[in-house]
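Labels A, B, C, D, E and F are assigned to the chains in the order they are written; within every chain, residues are numbered from 1.
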Amino acid sequence: MTNAHGPRHVVVRNIERAPLTVLDQLATVGTATVHEAIGRRGYVGPHITPIQQGTKIAGSAITVLTHPGDNGMIHAAVEQCTAGDILVVASTAPSTHGMFGDLLAASLMTRGVRGLVIDAGVRDTADLREMGFPVWSQHVSCQGTVKNTPGSVNVPIRLGEQMVDPGDVVCADDDGVVVVARREADWALEESNERLANEEQMRSRLGAGELGLDIYGLRDKLAALGVEWVDTLDG
Amino acid sequence: MTNAHGPRHVVVRNIERAPLTVLDQLATVGTATVHEAIGRRGYVGPHITPIQQGTKIAGSAITVLTHPGDNGMIHAAVEQCTAGDILVVASTAPSTHGMFGDLLAASLMTRGVRGLVIDAGVRDTADLREMGFPVWSQHVSCQGTVKNTPGSVNVPIRLGEQMVDPGDVVCADDDGVVVVARREADWALEESNERLANEEQMRSRLGAGELGLDIYGLRDKLAALGVEWVDTLDG
Amino acid sequence: MTNAHGPRHVVVRNIERAPLTVLDQLATVGTATVHEAIGRRGYVGPHITPIQQGTKIAGSAITVLTHPGDNGMIHAAVEQCTAGDILVVASTAPSTHGMFGDLLAASLMTRGVRGLVIDAGVRDTADLREMGFPVWSQHVSCQGTVKNTPGSVNVPIRLGEQMVDPGDVVCADDDGVVVVARREADWALEESNERLANEEQMRSRLGAGELGLDIYGLRDKLAALGVEWVDTLDG
Amino acid sequence: MTNAHGPRHVVVRNIERAPLTVLDQLATVGTATVHEAIGRRGYVGPHITPIQQGTKIAGSAITVLTHPGDNGMIHAAVEQCTAGDILVVASTAPSTHGMFGDLLAASLMTRGVRGLVIDAGVRDTADLREMGFPVWSQHVSCQGTVKNTPGSVNVPIRLGEQMVDPGDVVCADDDGVVVVARREADWALEESNERLANEEQMRSRLGAGELGLDIYGLRDKLAALGVEWVDTLDG
Amino acid sequence: MTNAHGPRHVVVRNIERAPLTVLDQLATVGTATVHEAIGRRGYVGPHITPIQQGTKIAGSAITVLTHPGDNGMIHAAVEQCTAGDILVVASTAPSTHGMFGDLLAASLMTRGVRGLVIDAGVRDTADLREMGFPVWSQHVSCQGTVKNTPGSVNVPIRLGEQMVDPGDVVCADDDGVVVVARREADWALEESNERLANEEQMRSRLGAGELGLDIYGLRDKLAALGVEWVDTLDG
Amino acid sequence: MTNAHGPRHVVVRNIERAPLTVLDQLATVGTATVHEAIGRRGYVGPHITPIQQGTKIAGSAITVLTHPGDNGMIHAAVEQCTAGDILVVASTAPSTHGMFGDLLAASLMTRGVRGLVIDAGVRDTADLREMGFPVWSQHVSCQGTVKNTPGSVNVPIRLGEQMVDPGDVVCADDDGVVVVARREADWALEESNERLANEEQMRSRLGAGELGLDIYGLRDKLAALGVEWVDTLDG
């Protein structure tokens, strides 16, 4: 997005979203399972962590691209949010600023927004926890921001190790954040449910004392790779 | 502080402090608000984090400058502490050592000290939480220390991104640590209270569905900066 | 462990362990005290942190050496575990992968394993906390793994700043992880108990208002090192 | 790229490339200018640095997606390389391994490959410099690798802050690496040349003593933003 | 520096500087020696490194405080620079942006400025080395900047571990950057020269085979601290 | 190494070393080759880097264990050094201090010491390069040190990812540092020479245009692992 005179800055009003029923079901699956189910993809990385414990959500991404230390575009994004959305904020360069606090959360909660994912910092974390507005961020920081530099809303952004398109499904829990392409949402749910069933069965067998070594057929495979079972290190 | 033969090391006995009533009121404000109120200053950075959750304090800084891995001067500082103080420990070079544990906390609690801020590590964190002695540190670490190298108490120190003079007001909560110059304490409280009132009003308006985009007059400003509202990315 | 054609990979079946009674007593001591008691040694470093709060364990190390992003050898290790053990996993190079989750925990719990220490990542952390299976790790990460590359079980490994031999005693709590050589386990317990008694006495004296400065004889020592007590900084 | 049973792994043989004449001209521009010319985009970040000094290249990306510590797919990629290409290697998770050395460089040089960009490590760096094979990497590391885990060649990959499609133009010099979409290569060259002309003119004016403050009209802009020119800090 | 409505932003025109003759002599001393001579103070830390090798400078600090990713205030600072100055740029929060390149260097060179020290990034590093304009920075980065947010020139700033006042003496070489308070410049030079003489003498004695152990009287001191000389580890 | 009252501190005078002829030959091999030859072991990690370029050495480790910021024990170690040795310094906790400079280098050069490896910082780097004394360190830093805290010489230490025993062979070049157990030195040289011969042959074949894919038999192996060769991504 550029023109001859620099980057182009837009707020895109109309985006497509996955159905709420799919979001609601993906929310309960858990990020690790969704990540595995879609082919070990979509994880944004361990640097984005929750400020609360025990919360699991999924929603449609409203994306924001901001200049470091400038949260004006987050305000522009609020207007584009609706029930079931998750605000996903990326910076044009690394930033530790506290870009988001309890006032913006109050604003988002009136619109039914389910949470925030941001690659910079947040503040008022005690209030956010008390309000029940869930946040996944790279930093917690008091550092205040300005509103001077243009950016964009609902354009493709990079968040950690993933690209996020507006309307993509964002799943978040204690393990972090996983992104599912909007068009793959149905398939992801299907694959996740299949995996959940398999995991349930595995849990039973392992809980009954069976070994992964046997269930996965690893004994022969490891031996073929050169692993030897010995009685002692010198054996 | 040097003489011809190396750094000079002192323990300064008499320092000025802000009034307890001002400290007590600043404690309730919250670091993010104080930081904004005094002109977006005073934040020590996101690397100093609390070992507990939900605690808010303010107090007068008793400053300590130590050699990495040497906590002898922390013991020297205890004697200079009185009710309402916060111990603020900086190292002459980066250190991860566990410089402070439950015994020093017990000692400080008998003097009415409100907490510890340290740019190195602490240990006995389960005990510290159980004792209710609040700590903000850069690391949690078992690594033990020695008592071999001189340092200073109640001299100006650098803590993260801030200089701290003895007697400065230290505010700390879940968002981190903010330092207010002692002579600005009254003004900081005044500005903070004004800001709290504004935030309260903002919270009401945002909670009623108004947008920051309108309240802050950002629509025209962002448009003037080149932001375009479009229906679709190609629009 | 090599042969002419590359690293040698083994699973060692028989290792010696410290007595369970010693493990159980060391578990209650706390890592900081054990670390001090054995001469300020054994701490693996501040990068290995617990995913839960308030848990204290000790156990015999079952060691695993894995290729980054490959957890096949963890499955091989499960079979070698028995009641009172702690699984200790190291990587041949830095890794952030989520190498371990609730299924492996279920498997280990049936065998009476007390916890996991790993220099990579774990996932399903909400489930692990709910199951009560304690974990100390370097990362929390969804990132899935493969089972393609050989490694070893019950060989000496490096975990952070320490070497760990199979059967060594691993102590872990909110302050992190400390390793005690198996042959030093009895002595470590003895020294720890002696230190606990001293600490108890110190706690009483400090709680009664005595100063570490006096108890440790630091006044004269610091003065000899050049520290001066002055009334003001210019004094 | 997945199927129902995990990630799908492919080596794509046919990719489109930008014309060599465009690559050759972009090579001389320099990364900072290209980055500005295309709207301040395409920079992969400061963590990818050259192992040599004073080399400027541009080429068509042959992309590789590898498992950490496994360089089998780099060998698969060599066959897909032709004159004017640059090998671009990304890992499925962070890795410090030395994935590439003088033997692979010898292989690539016979095919006219212009260099390597990798988000992991390289080794034999003294040899690589002597051979004149340029490399930009995240690490220098001896750590050896295996050839056990599948990956892909010529699929879209994420390299630092950018997505790279096979055939995209990679520009690299002492400032790092910038990626230009293949379809934008002509336009990028045009914009770069325009910018070079402007920079040349600016250089003359600044070298003659004119101020950026005047040339960019910053005096009024900064004043409007609240900047005051004063004689002394108290003035 | 605040008023009731936020941070105050100023460009201060008149600052005091140390005499050029003192700067020129301090330039030749080397940072490590100056740092020791003034009591082991003034070092900004190992994260600020030179982009060139073998250059030693000293000059008067023209300080700049900027918003991350915004270099408008650097242009404002150029006008305040004169022969013998060094531009010292700090950010209000961490930043990796390429804030400075060859055009700004050309501008500064016409005014006799001796170099740049910056806690963010620079670009055009090949050109800067060719031009002979020395730079010490935290990052090398292509990432472009804007000119939208006010800041200040010639106010006290924090640079790594040090506070820098305008007019302070900045010494920089291959070991990094050391700051000397302007009022201590004469004394620092005197102490440095004394130390240089001592070091010269030490160099002769050590080069003749004498041991630091003897020259510094460390044998007895270490023995008193508990060090034992033994023939073998078991000895 | 402890006694009942804390860590025990010793300087061990007599250590065994590998023959100089073996050291001299290992020096020419290069660290990456030695690392591979001994089973992909011994590499200390990418954080220890050379301050010079193009130097290759090998020598017998004289080990030093120091308190952070305290270089007294390095002076004690000098006396234990002889021709062919390399000084290897580890800290009891992370440290960035400049523990070593040109005076200590002068002292070591009179004894025929071949270089320094240190997990902390060094200073006087321009002088060290000019003197031709090679150094591998974790940091470059001016930060001065004290001589107050006991440590040990010629005891086993941990250096990055490796344990180093006194007398072990240290190999260092532009790729970093590899440690070879003293008793394995002969075998390591033999394996290295064999590997060098193989590499030479590989270099010829690859330089003649053969592919690693064919030489290593990777086509079938990768296909068996699920890699497909396709004409286009959709193919």
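Here, a contact is a pair of C-beta atoms (placed from the backbone, for glycine too) under 8 Å apart; a residue touches a chain by one contact, two chains touch by 3 or more.
Note that the coordinates shown come from a computational prediction; the quantities given were computed from them, not determined experimentally.
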Any chain touching subunit A and subunit F at once appears in the list B, C, D, E
Hop count on the shortest chain-contact route linking subunit C and subunit F comes to 1
Expressed in whole Å, how far the mean CA point of subunit A lies from that of subunit E is 41
CA centroids of subunit A and subunit B: separation to the nearest Å works out as 31
Rounded to the nearest Å, the gap between Cα centres of subunit A and subunit D is 27
Check: subunit F positions touching at least 2 other chains come out as 1, 8, 40, 92, 96, 143, 148-149, 225
Among line, ring, star, complete and other, the chain contact graph is other
Checked against the stated definition, the touching pairs are A-B, A-C, A-D, A-E, B-C, B-E, B-F, C-D, C-F, D-E, D-F, E-F
The answer for subunit E against subunit D in the complex is residues 1, 8-14, 72-73, 75-76, 78-79, 96, 98, 101-104, 106-107, 109-110, 121, 123-127, 139-144, 147-152, 154-155
Listed in rising order, the residues of subunit C that touch subunit B in the complex are 30-32, 35-36, 40, 43, 45-46, 49, 53-54, 56, 173-176, 178, 199, 202-203, 206-209, 211-213, 216, 218, 221-222, 225-233, 235
The answer for subunit D against subunit A in the complex is residues 1-4, 6-8, 38-41, 92, 148, 158, 161-163, 191, 225
In their shared complex, subunit D is touched by residues of subunit C numbered 67-70, 92-97, 143, 146, 148-149
